[in-house]
Amino acid sequence: MPNSFGKLFTITTWGESHGPSVGVVIDGCPPRLPLTEAEIQTELDRRRPGQSDITTPRKEPDTVQFLAGIFEGRTTGAPLAMLVSNTDARPEAYTEMAGKFRPSHADYTYQAKFGHRDHRGGGRSSARETIGRVAAGAVARKLLHLAGKVEVRAFVTQVHDIAAPALPHFPSLAEVDANAVRCPHPESADRMIARIKQARSSGDSVGGVIECRVRGVPPGLGEPVFDRLEADLARAMLSLPATKGFEIGSGFAGSRLMGSQHNDTFENRDGVIRTTTNYSGGVQGGISNGEEIVFRVAFKPTATILQPQKTVDVHGADTELAARGRHDPCVLPRAVVIVEAMAALVLVDHWLRHSAQTQTFKF
Amino acid sequence: MPNSFGKLFTITTWGESHGPSVGVVIDGCPPRLPLTEAEIQTELDRRRPGQSDITTPRKEPDTVQFLAGIFEGRTTGAPLAMLVSNTDARPEAYTEMAGKFRPSHADYTYQAKFGHRDHRGGGRSSARETIGRVAAGAVARKLLHLAGKVEVRAFVTQVHDIAAPALPHFPSLAEVDANAVRCPHPESADRMIARIKQARSSGDSVGGVIECRVRGVPPGLGEPVFDRLEADLARAMLSLPATKGFEIGSGFAGSRLMGSQHNDTFENRDGVIRTTTNYSGGVQGGISNGEEIVFRVAFKPTATILQPQKTVDVHGADTELAARGRHDPCVLPRAVVIVEAMAALVLVDHWLRHSAQTQTFKF
Amino acid sequence: MPNSFGKLFTITTWGESHGPSVGVVIDGCPPRLPLTEAEIQTELDRRRPGQSDITTPRKEPDTVQFLAGIFEGRTTGAPLAMLVSNTDARPEAYTEMAGKFRPSHADYTYQAKFGHRDHRGGGRSSARETIGRVAAGAVARKLLHLAGKVEVRAFVTQVHDIAAPALPHFPSLAEVDANAVRCPHPESADRMIARIKQARSSGDSVGGVIECRVRGVPPGLGEPVFDRLEADLARAMLSLPATKGFEIGSGFAGSRLMGSQHNDTFENRDGVIRTTTNYSGGVQGGISNGEEIVFRVAFKPTATILQPQKTVDVHGADTELAARGRHDPCVLPRAVVIVEAMAALVLVDHWLRHSAQTQTFKF
Amino acid sequence: MPNSFGKLFTITTWGESHGPSVGVVIDGCPPRLPLTEAEIQTELDRRRPGQSDITTPRKEPDTVQFLAGIFEGRTTGAPLAMLVSNTDARPEAYTEMAGKFRPSHADYTYQAKFGHRDHRGGGRSSARETIGRVAAGAVARKLLHLAGKVEVRAFVTQVHDIAAPALPHFPSLAEVDANAVRCPHPESADRMIARIKQARSSGDSVGGVIECRVRGVPPGLGEPVFDRLEADLARAMLSLPATKGFEIGSGFAGSRLMGSQHNDTFENRDGVIRTTTNYSGGVQGGISNGEEIVFRVAFKPTATILQPQKTVDVHGADTELAARGRHDPCVLPRAVVIVEAMAALVLVDHWLRHSAQTQTFKF
């Protein structure tokens, strides 16, 4: 089930960039959760194209509607299905893509794997597929919030070679959404926005790094040995378009420390077992330890650029491609919302699994 | 099923560091594969403790035996079960660990999650659990080799702050295994070995980075949108003890390039569609594109160090711990084999899945 | 994932009786399959309410629309999503059900499990949920037909105490659909129809037995030990509303034979290994043997009857219920189509699994 | 994962009739459950061959040993692995089976599916595979007992054409195990035993029906729409060797009743919502309703008979087979234990799933 994610809180997404709609089914949602389309819409609006002058100009309201699973304003325990219609599809803008493979896109591999492909806007490989993830993630976030005031906050920490300084605090949503690039360090944000505009004006694109922090997670979430919390977070993040890397806690930089520097010593802080430092990133042995969960995701520069590029056509002949179509010169500002959604989905799923194994039968 | 991995070629591992045995069941192995215990043993010997003067002195032959699933030297299609007995268990060496949580180990989180824990040598959280992975990985590697001369080769590319230069070629097994640290760049290897010995002599430990390359994989493996090939590789790697990061192709560094630099243009090379560069790391849109698959995994410094550390006991009282027990001052030389095993398991599983969906019914 | 079925050809259904819509997502459909909404509609029309004078008078066109997964008339390998709107919902007809539990319906158990329930027409427990199964089953049947001329044919063999004689041949679709009750033995069909009308006129209901036969299945489908072909067929059938029993081949009657009578001896018939008899029902050791697959499913009488019945209200107080709402006095004529759909789904899934394990790597 | 069963309490079995061992891994067992090998052994002894003069004379102590997952007498939350060695293997007794297909066994289908087969005693298709199920079932039964005094009791209700009268009460274990055939109606038991001996003396075999009842299950277990409780019970039972049918509650006979006869009216009994009758068999809409769960399983006569039978050899040539080897002339007395084990496994798995979805997050 390559289009499903989660073992107990399972989402299944469908839809292509220029087909009639995109959507998601959640199977396993706890019953009686109060839920409105407006709550889902709030998150979709944060992901929506055209929300600022550094995102794609594609105009889509991305209005969500419940198809099933809600009764009298609450979830029922039955599948919760949600749909968003595609309203600004312009398949004619993609005619050239029908015959040529765009570099560093999924055109060639989809063709190689499936024998044909919906080339319109990338079809299934388009990031429009993530709408279903964000809609489901909104449900997961509400569950986490009600369960224990768990907050999931992602933000942009690097665009191209502009890296914001390490953030000393857990940022508020307002801080993150205060600027178009969603970097809670205003000076860096200004530079990042300028860099993105500069890339766009030269028909080029940039990538960067998103950091995500989660606070309020109790100790115990994560299922060794294969379904370690960080393993499922890594899978979730690498399942997003344009991602090339994941690191938790100290990450790659931690590999340059000595054990005596890197170990997080335990201490009793106000009657609670805590770690003095958090190189572990909130996870030890694959299980949350109650500290803040901190991870980072690397995104490559957007593959769609407006400069002519060498490539081959579907018959394998060398040719050149001048990309058209609307696109984001940098995906990170909108991807922040998607990273949060995936993190929330992982956490809810693990919360349910942990509860099942350790809370059902007690000895 | 947190102790199972893979959807069609599924392994389930069991066992603790100081219990009677560790083992693995493979469910879904193709039938009629010729297989001997000696072939499995070859890989286990590469993972075995005590194989060099920079690994743990624990003496374990790690001799594998088939429990089921082989008939007349071939797999039968039934579960293939393999067992390795623990022969050098010294639980008395770990008495102090019963009452105290070792920093940056899984002691505290296992206790928090499960309510008690097998503290002897880390119990289930010990890297001895990976024996089952390596045994199963040996089967996967044989399948890959027979299927298409696919080769999976991991090697150490960084230890502490000593980074080997980028390797210009696909290294042979002999090159990798030529030195104790498994770095195919001899000068770097010498320095890495010295650094590891230095760490050990000061009761400290070091981490590093392993790179893995796979060649011979045909285009088409990987199942968007959630079971992208890189997503499953990331999950596989982050499911290993001591890992903190994963990156594929250009990885984190790629996030600092412009799209015009980063895009892998296509070209027709001798009648085959190839990319001129390989920033993608062999995967595009979650599907292999026929190029070399290249990824890197970050390992933290070994958590067990012989210096006294602050911690708390199981009652939450502040205390101090002086670690004992045999351990690796750097896990990377042995982890190379485990990374290869996990990569092979991911690839075989995806090979089977790809074949099922696209080769069973043809139109 | 309680609302998903199948491991490689996976369907996920959603929707309630009186919600906005019902639908299904197929994940894992082979790519390039030519497919039209009209082909799906043909099967939905056979399931549709109001198709004859012995089914519910609810008027629903049950028009299917593709939401995603089709490009230029062929499947793409991406999720295939299909939706049917509910157009004749009359929730006001079910007001009494909001406060009382209908006997032998799911009202009480849904309330007990989920804490509340969509009482309108049974909500998720309504047989309208099976629309998604039939739509997905139509795709599965096309795959089976193209793959090997496999035919799946179910028919009514018993209504109340009227049992048709054993059918000596594999019936054509025309024979089955020749009468409203879908029994290919015309004399029995007449009596069954009369019995159903008699039950309805007295405000009562009847059950019966459906037989299903499948021909053209090659030897080899089925995955011991737990995913035996008959085990998955049994699960599929008992997952249908109103089913109380399943038997394959000789079934319960076979338990009264001696081994010497019951064993299916092998013979070489025209160069092919065949069995002389078929008490096994086409499956041995959980794997198809190339003979006709034959199974039967028992359905209870429809729980909705128009006679007053004792029951309790949602507060547990004894009360009486006079059912209203439109219903089938006998579900079997329409259930024939659903049984066929589920059988086809099981077979396609096992075909893919068998192919993956035994055809991908050959030795 | 065809050799795994259960979503949260997952068992994976391995082993062949004449290989070195059979075993099972339980993944997802709740931690801290007190457990001894002796408790497992008790159930294995009830399944053991040679326990009476109507079972196979094969002598196997079937002694279980824990391989992993227990610490200080309690489960740890890690995989619980158990092994039973095969000690009385006599592969030479099966030489003829290497070249010929035994009628109504799995010889032909395994050969057709896998391309070769372990012919010794049926290899993986032997009922020795169920040892792992019984061992795991013993753990499940203990969980059910501790959780809510849930009792699972199966017994033989029919052998050949000898049917015991409907049992008016829930039988005790002592009543069931009071005679060799495990039928709690002594007069019927005597006749059944005589019939089995008669069949054996004529080199023939008989089948029959096992009934299983479960009391103490709370309302709410079962996951519509596909993982209905009866669907998973049906799958579990049809996954057992030699089974041909499953029915729950009124079953096939219920299909001959009118709705007004068959409906289970609700009543308030001592403040609890109960049904007056139990045609539903304890399950409504796929979910337990708190009444006794009652189902029956049909077993065919043992395929191994000592009379000469026609068959074909592995080259497809007609030949004759005179079976040898030790076998049960009737599998039912020992299968009682296996039916109980599978029922317990289904219930524990559903208990965990129900708890996860409805008890983790409350609104």
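Letters A, B, C and D mark the chains as written, and numbering starts fresh at 1 in each.
One rule holds for everything that comes next: a residue touches a chain if its C-beta (ideal position, glycine included) is under 8 Å from a C-beta of that chain, and two chains touch if they have at least 3 such contacts.
On a predicted model such as this, the values are computed, not experimentally measured, just so you know.
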| item | value |
| --- | --- |
| Chain whose mean Cα position lies farthest from chain A | D |
| Contact-richer chain pair [A-C vs A-D] | A-C |
| Between chain A and its twin chain B, rotation from the CA superposition, multiple of 5 degrees | 180 |
| Chain C and chain D, separation of their C-alpha mean positions in angstrom | 26 |
| Whole-Å gap separating chain A and chain C, where each centre is the average of the chain's CA atoms | 39 |
| Separation of chain A from chain D, taking each centre as the mean of its C-alpha atoms, in whole Å | 45 |
| For chain B, residues that touch 2 or more chains besides their own | 2-4, 7, 13, 28, 31-32, 74, 77-78, 110, 113-115, 124, 224, 353, 358 |
| Chain A residues within the chain D interface of the complex | 7-8, 28, 30-34, 74, 77-78, 143, 146-147, 224, 351-353, 355-363 |
| Complex interface listing, chain B residues touching chain D | 1-4, 7, 10, 12-16, 19-23, 25, 27-28, 31-32, 65-72, 74, 76-81, 83, 110, 113-118, 123-124 |
| Footprint of chain D on chain C - complex, ascending | 2-5, 13, 101, 103-110, 112-115, 124-125, 129, 158, 160-161, 199, 204-209, 219-220, 222-228, 230-239, 241, 243-252, 254-268, 271-273, 275-276, 279-281, 283-290, 298-305, 307, 309-312, 316-318, 353-354, 358 |
